[in-house]
């Protein structure tokens, strides 16, 4: 990021920008100084389901949001070699859900509390990581959120959200390769959901890159900013600290920077 | 029915009243002469799903109905000994669907066309009956209906309807013992629907008897009248004739009597 | 088609090839003589839902098919000027469903019976066409099918199929822009299904053209042959005749040619 | 309970037995001394959905459970006068969910963490209570649970659970008065779920009383024991303490007694 910014290039950067807030801040400073655009790869913001949920809150369709529940489970764990360099589940996997929480609720999280375990593979524990966790979020506006993570959902990739508001609720279902239901003497069944992110989020990957190109061509702000890339890292570090110390942790303990939820202008 | 009417008793009579229109007319005359109440056992009118469909038409929620589709399949065929005395599938099984068509559409059928086969068990064919059929209905008001019948649905009792109207459509799902969905590495599945009429329609059996008792105690018209019992027999005879002669058959060919759709006053 | 064949070009031709069987036969003869490939634009064969239904039959998952029900309704009628040159609803709209019936059941239709009305717009009737119809199909193997057509489904494009077989059933749902469910004090609701063929079948249009290109590049048979293009026209002409004469019509009355269901080799 | 036990009567007692553990223990001691049966009114154990979820765990269908999520929301808050004497949301409302957590997971909770707010009505806050909460549960076996509570779900009574296990997941849907889906130009919608506990749990109320009568008549253990009535009160007191002190609270801090999950023997 720093090199590209100095070269005057607009930047699309995958998440997380870095595991270190210091390095992230240096990168964001370089971007600001160079006046280039930086978009962070939180592709799930461009998924039609999650856009619809955000819209139901943004338009007041479900009123003031009170409770958020994010289910985010992978079909299976990555290799242990990857686990070791991943920064841990919170920085590697939950980071998408931290961003999703902010994106949907259009509010900032002030405190997190983590309960986590090694349930899927003891090797993951031996590598110093966890594979199953629930992270509770407290939002500035008083709403409460939960993120339900597991490295292994035997039926495939499980990506759903649900929000309860003062006027109603909204919930999303997984995406499937087809909508056929087969009924036999054994069961009423359907095929498994789309297996992993390349299938499930193929549309959103296209849309996020189109949005980046649009931002560059039309000189608009990138729809997922550098600050949007930094805050989930703060949340992940707080979630990790909460897990290690067995207590709720305020984000202010980790280090805040001026935050603002950027509107996705599409 | 004739004996009970002469004895001055109010009558609850299972469907069909008889396989012979002459006998039905003698029964209805006896009822009329005695001034007693007669309710015919078309229990499905009291099912919450079908009541809701009727209401969506009665209130104009889906506008003028254009197309009706009734799926009515048993989990498995009855014994051949029963088939032989049943009067045939149209009088024994489809008779409920003929009543349902009138009940939902609040209109009379003027013509039917039947396509039928022996698909489930050759013994049924040997007994002179069919086990699989589609009956097309033409309503006085111009709407078109189809009834989809089979003596064997391996997943259990299949009882659904769907109506397309000028403003929208309504469709119903089967009823299940529970609403649990189980997702494993093989499939996303649920338990089979309620297996047969005793489970599926237990609520409606209670409601139809309560309605009969109410009609007697409060001296109101019975909600399913003798004419409501006669017309489906006419439809069944026409459906059988259509199957035998391979052509559409008008109900007027079978013998009509003044008909009127009785409102279910509940 | 004739000109392209004579020029030695491989041909992708939209449906129907023509409204006249004579012209179709001249086209098919030219294609055969030139030894070029001809693929007819029945794109729905490439839809993931319908492919899954076909697979459930091809693999024996639901056993021998007994009953087929195709729902095919447009969101709204085309302009009257188009209706006048369309060849009528059976050749213009139902033609896709005639092909779908063959594709799914992997069997040929021998007889059709049509019930049709003008329900949506009297102008369509004045133009000599119908806008609402049910067409009953009789398959060579003894199965029975129904096609449920309407030029207007107020909720959008309605494209579903359902098959009952000896071991079970398969049914498909419409496709939606998202899977969000919104619950408020009024209802539990979701957004409308994808509105029309450009949205609903966008994936299948891509797949059918890829299949055509593959057939040409790898010198394989085109997955939807000229015969596959001809037979639905025969079915449409029979459906029209059935409607006009109020009786079941055998396809042999219209004119048959050697038929064979081509496997979609993908 | 004490008086009835002394009088030698078998006892069916609504939940919670009391808000004070001392009084509960006196009651349980009186029951034990008298040798009478005591069944506590956790009726939801007798609901077909939740029985199915328990079964999916008991039979190993979804493997070892890792994550539990309970959604339990009332259609609207009770009068403030009731709130004042209710013992607070955790003892009044969540108590059912504490029991459900034990019943489903067949394991004991060792620690809870509560995040709660006043979101629905400031009067509830003025009365010293909360109306919206998430309670995180830590099970002895390492699984993690969340209970999602709100005194107001505008669409009606929301009662669902979801469990992820090592081999799959199970989730339940709400129960509805009918299964009709209405599609119009505005939306694809259905009627609201059954509004409150009298409708939603009518079957389970019948079943729990039948089970009590069976236990008495056949001299079997009552399916929901006195200990089953005591433990959720411990959980509620721990949840309240967690909320007041902003930290996870172990149940051992509140006071434990020998615990054992009683099998529902039906």
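Labels A, B, C and D are assigned to the chains in the order they are written; within every chain, residues are numbered from 1.
The rule we apply is simple: a contact is a pair of C-beta atoms (placed from the backbone, for glycine too) under 8 Å apart; a residue touches a chain by one contact, two chains touch by 3 or more.
Note that the coordinates shown come from a computational prediction; the quantities given were computed from them, not determined experimentally.
A.B. asks: Using the stated contact rule, I'd like to know whether A-C or A-D comes out ahead in C-beta pair count.
C.D. replies: More C-beta contacts join the chains of A-D.
A.B. asks: Computing the C-alpha centre of each chain, which chain sits at the greatest distance from chain D?
C.D. replies: Relative to chain D, the chain whose C-alpha centre sits farthest away is C.
A.B. asks: For chain A and chain D, let me know how many angstrom lie between their CA-based centres, rounded off.
C.D. replies: Those two chain centres are 32 Å apart.
A.B. asks: Chain C to chain D: how many Å between their CA centres?
C.D. replies: Chain centres of chain C and chain D, defined by C-alpha means, are spaced 53 Å apart.
A.B. asks: Would you mind pulling out the distance in Å between where the CA atoms of chain A average out and where those of chain C do?
C.D. replies: 42
A.B. asks: Residues of chain D that touch two or more other chains: which are they?
C.D. replies: As it turns out, chain D has residues touching two or more other chains at 153-155, 167-169, 183-185, 191.
A.B. asks: Take each protein chain as a node, join two nodes whenever their chains touch, and name the resulting shape: line, ring, star, complete or other.
C.D. replies: Its topology is that of a complete graph.
A.B. asks: Of all residues in chain B, which touch chain D in the complex?
C.D. replies: Residues 48-49, 51-53, 56, 61-62, 167-175, 177-185, 191.
A.B. asks: Chain A touches which residues of chain D in the complex?
C.D. replies: 63-64, 66-67, 69, 71, 73, 113, 115-117, 119-120, 132-134, 136, 138, 142-144, 146, 148, 150, 152-155, 158, 164, 166-169, 246-248
A.B. asks: Given the complex with chain C, which residues does chain D contribute to the contact?
C.D. replies: Interface residues on chain D, with respect to chain C: 153-155, 183-185, 187-193.
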